[in-house]
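Pasting in a structure now, in structure tokens, and then I'll have a few things to ask.
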Amino acid sequence: MIALEVLYAAPPVLTLHAPILLVISPLIAACAAALAPSARVSWMISVTGSIFAAWMALALVGEAARHGTVTYIFGGFAPPLGIAFHIDGLGAMMALLISGAGVMAAIYSGHSLKVEVRAEKHTLVQAGFLLCQAGLLGLVSTGDAFNAFVFLEVSSIGTYALVAIGESRDRRALPAAFNYLIMGTIGATFYLIGLGFLYAATGTLNMADMAGRLATLSDSTVVQAGFAFIVVGLGIKAAMFPLHGWLPGAYAYAPSLISIFLAATATKASLYLMARFIFDVFPDGASFEQGFIAWVLAPLAATAAIVCSIQAIFEKEVRRMLAFSSVAQVGFILLGLSLATSAGFSGAMLYLLAHALLKMTLFMAIGALALSSRYRKLDDIAGIARDAPWSAAALAVGAASLAGAPLTVGFLAKWRLIEAALQGGQVWIAVVLTIASLLTLLYVGRIIEAVFFRPAPAGAPRAKEAPFGVLAPLFVIAGLCIWFGIDASLLEQLANGAARALMGAP
Amino acid sequence: MADLLASIGGGFVLIGVALSVLGAFGILKFPDVYTRIHAASITDTAGASLVLLGLCLIAGISLVTLKLVFIWMFVMLTTPVAANALANAAFGSGHKPRIGAFHIMRSDERRQTPRGTDAP
Amino acid sequence: MNFLATHFNYIVVVILLMAGLFLVFSSGNLIKRMIGLAMFQTSAGLFYISLGKVSGGTAAIAVERGSAEAQALAAQVDPAYAAQRGFEGVIYSNPLPHALILTAIVVGVATLAVGLAIAVRIREAFGSVETSDIEVLSRVEATQPGPQA
Amino acid sequence: MITLPASINASLMLDIVLLVMLLVVAGAIVRTRSLLAAIILFSIYSLISAVWLVVMDAPDVAFTEAVVGAGISTIVLLGAILLTRGETEKPDWRKLIAPALICASVGGLLIYAAMGLPELGDPASPANAHVGRAYLQRTASDIGVPNMVTAVLASYRGLDTLGETAVIFAAGIGVALMLGFGPRSSLAPPPAQLGDHHVTLRVAAKMLIPLIALFALYVQFHGDLGAGGGFQAGVIMSVAIILHALVFGLRETMAAIPPRVARSIASLGVLIYAGVGIVCMINGGAFLDYDYLFPPEIEAQIPGWILGDDAHAPHWGQHAGILGIEIGVLLTVTATMVTVFYGFAGRTVDDARREARR
């Protein structure tokens, strides 16, 4: 068993400023990447900035494990007046996830961008990617609700255009990006309106202060409206079931740098913020909140898990299939959260981490296969395992993990969730999880069958194996999927720390 | 004294507003682009000038007066140019005046406006 | 009826919000949808500003000393507030929503610019900015085999 | 003379009249089928809401709304309909029912919820009593600038504004990625006889452009005293450049400020902003804690009379910090708006086919 404490070591002066360095390093790297003279330099800047952010995230995980919550006050003005970052176990876990995914995606992009985007645009693509990373990192660090809105937009605005540049391979990227922009902006504005109601009720924007003031207020329509708008707004951003229409297109047609990074992080950051509001900011005993969790959140999450899995089964294009699968998996995570027990939170967090890992593996592997053959549909990659065995092997690891095969991280996470559901006495959730897992098996089986057991279509050009620069991050992540399936102590420490933070225990 | 100036200023503002309303009425009622530009110019020049003059009187001599004078200069500089550009563009895209006889333009029209549609 | 007078701002803002949202959902034209979105965002700002208004207040720019009328008004509207030192008897409106909405307006124009840029590229790629046309063309695309490298 | 009962009622009347005007304009935007009309109406909508914002004591926001909504947004929208050739939308009545139902129900819920909000203008409402009032009380002693909105924006919530600058930068990157590359046929010199018609414009523009730039600088450096600041100044500055491009041709403007330079300036602005924060960190404070902007030995050497008032605490760091970040905001906003304009103006519909073939 590896203790988390071994992993993080940063000089004290950096540790002191780690919360802001975490956010500012990708931001500065973004500016530097935009100024960079060549694509190569911008790639190096991108990798360096991401690695630095990941280092700071590790330091924060350590600090959060030692001290509970790390607070960083900006401008020297104490929280209700100024902005402060509050990073607890949950925030630190999310920061590590986002910056880790950023490092892997950045390394991967060294080769994939060359194929997918014209060289003159590379500097700007890297800048946009780093801005998105900075925004998401800020979103999970901040303790100020309006600041969260700003970071949400920082992460989104560049992303819309980055999804749209997938048009050079498939012009449907453009309407997908436009749709993403419309829905994303409506989501963010709903959040803004909801926050306005909460501000009207409490007079503050700091989440901790807001929670303290909400606890003393009686249930008013203003607070309830704030709750509803924030949940719906973030639900759109997090692709919660009936509001997920934008997601398949955005994930499917974006360049692989972006789809890898988005699939691992974007919806999860919004999910994080939503969990923060539901479990931390709003008083725990509020009747409208209980009702919402029992009668809206859980049923919708269950529907998502089932319906979107079925949609994935009937989807012909691989990336869209994976995107529908992502919506279904968001349902899994929400089901875990809706248990509102310690085991449920811990299971949901574990599932969130596991899903990020395995979806990254899958999108990276699909991207690697697509480097040499510009396919769209499942039929196009039939029998590709012969030509590109390494990428196909990694794809198999990710797929097995998604299906929940034993000895992979997916199995463990699913097991924990079902266990938590049975413990919490919610048998129907356990049943839904099992059915959805079986459905997952079906569409994963379709991918595996096509790649390994079907002959290549006659007359198709031979694919080439991806270069080392692409395979290396792919194998690191795929390796992690297996490693954590065997020894998940590290993941469990992270997930338990996050669950403790959500439960409000120190 | 100040009260008297303020009253006179108020009077100027009211006249300016009335002229602006008249200009707006003209934009709605006049038949073609050129006469409408003419009506709009009344709002911009006479209306705005009188309102600004009235405000100057109400404010008395101070920094505000100076700012108002600057605004007036800016309005005087930009609105005639805008009206000119608008008329130019309308003429270039083939809008014919509906009233009056424009002999100078006729020779131009043959050369410049093959489309010559008479848009309302 | 009293409610209508004291909450008139909020009611109008809600109607404006919904007008923007209606445009986004109902219109088939991408440009029109962006106009609706911009309206929606602007109106959300109006909501915040309404929250920060203080009766008899003035803009939150410190002045040396309020006029006699301003001081009298301040004392009448909010005696406790007016009595505080450092204000010299002037009521200021709440500066916080103003700062927030300045940021939100900027976000709005950023969204508008990116959205319209994408709409222009859609016109170039599909030859139309009508949702219905784009959907038809996308569906055609989905049935075709993928292009080979 | 007519005397009004009290100034509160006068402002309430204005409030109601302006809001009704907003409603009418919004209705017209929803009804109209012409895109051009919708854009002009939206510009009017922004202008009316700017006036309304002044009535609501928010001159800073009004200024921004006026330059953005009635200025830049309109330019960008007009550029977009020029490039999309979409002058009127096709109506489809069947698609109106579901959105109408959704909006009516959401709106109904909102109005129901709004009944619980405090009355308009209530000084004791939570929103105005808690943090908002603390800013009013403490700005003079904490920051020392008269404009409290600037104090909140640049100092108390400086991180938000850094995020805002990053958003603008991201928008510049986005538009440049979408429209900024590829051939530009409109760079061809304009036909010679065109110039004869525009002599008035050129003469006036030559007079106006320096004036507008000067005004932008005034707005920039007056920002902590009155309404204004880096963002408004940036938009006004970019308007001067856009006017140059409109009158003298994009080719001339791009020769003076190449697109690549504009993008670099945009990222430089964000770097300046972040740099100010990092200097504070190096000197021992938190990020963006302007009180640490100067090391004590340097601050001691600044003579106190520069600000002209010995009575107040000098707050050198705060003044310099706000100045520094506002310059960063100015650079980013100006450069980004110019980049956006280049993107839309430097493209013609024909470019698309050429790019598609590449």
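Chains: A, B, C and D, in written order; residue numbering restarts at 1 for each.
Simple rule for what comes next: a residue touches a chain if its C-beta (ideal position, glycine included) is under 8 Å from a C-beta of that chain, and two chains touch if they have at least 3 such contacts.
Note that the structure is a prediction, hence the values are computed from the model and not measured.
S.K.: Report which of B-D and A-C is connected by more C-beta pairs in contact.
M.R.: A-C
S.K.: From the C-alpha centres, identify the chain that is farthest from subunit A.
M.R.: So the farthest one, by centre of C-alpha atoms, is B.
S.K.: I'd like to verify one number: the distance from the centre of subunit B to the centre of subunit C, where each centre is the average of its C-alpha atoms, in whole angstrom.
M.R.: Using C-alpha averages as centres, the distance is 31 Å.
S.K.: With chain centres taken as the means of their Cα atoms, state the distance from subunit A to subunit C in Å.
M.R.: Once rounded, the distance between the two centres reads 29 Å.
S.K.: Would you mind pulling out the distance in Å between where the CA atoms of subunit C average out and where those of subunit D do?
M.R.: 13
S.K.: Among the residues of subunit A, which ones contact at least 2 other chains?
M.R.: Subunit A, residues with two or more chain partners: 146, 150, 153, 157, 160-161, 164, 193, 199-200, 205.
S.K.: Give me the residues of subunit D that touch two or more other chains.
M.R.: Within subunit D, the residues that touch at least two other chains are 110, 114-115, 117, 125, 127-128, 131-132, 135, 157, 160, 163-164, 167, 170-171, 174-175, 178.
S.K.: Multi-chain contacts in subunit C: which residues touch at least two other chains?
M.R.: Each of 17, 21, 30, 51, 96-97, 100, 103, 107, 110-111, 114, 117-119, 121, 125 in subunit C touches at least two other chains.
S.K.: Go ahead and list every pair of chains that touch.
M.R.: A-C, A-D, B-D, C-D
S.K.: Show which residues of subunit D lie in contact with subunit A when the two form their complex.
M.R.: 109-110, 112-118, 125-132, 134-135, 138, 142, 155-160, 162-164, 166-167, 169-171, 173-178, 181, 263-264, 266-268, 270-271, 274, 277-278, 281, 285-292, 358
S.K.: Which of the residues in subunit D end up touching subunit B in this complex?
M.R.: On the subunit D side, the touching residues are 1, 197-198, 200-201, 204, 207-208, 211.
S.K.: Mind listing the subunit D positions that touch subunit C in their complex?
M.R.: So the residues of subunit D in touch with subunit C come to 6-8, 15-16, 19-20, 22-23, 26-27, 29-30, 35, 38-39, 42, 45-46, 49, 52-53, 56-61, 64-65, 68-69, 72-73, 76-77, 79-81, 83-86, 89-90, 92, 95-96, 98-100, 102-104, 106-107, 110-111, 114-115, 117, 119-125, 127-128, 131-133, 135-137, 139-141, 146-149, 151-153, 157, 160-161, 163-164, 167-168, 170-171, 174-175, 178-179, 225-227, 229, 231, 340, 343-344, 347, 349, 351-353, 355-356.
S.K.: For a test of understanding, state which residues of subunit C touch subunit D in their complex under the given definition.
M.R.: Within the complex, subunit C touches subunit D at residues 3, 6-12, 14-23, 25-32, 34-35, 38-39, 42, 45-46, 49-63, 73, 77-78, 81, 84, 86-87, 91-103, 105-114, 116-121, 123-125, 128-130, 132.
S.K.: Which residues of subunit C touch subunit A in their complex?
M.R.: 17, 21, 24, 30, 33, 37, 40-41, 44, 47-48, 51, 96-97, 100, 103-104, 107, 110-111, 114-115, 117-119, 121-122, 125-126, 134-135, 138, 141-142, 145-149
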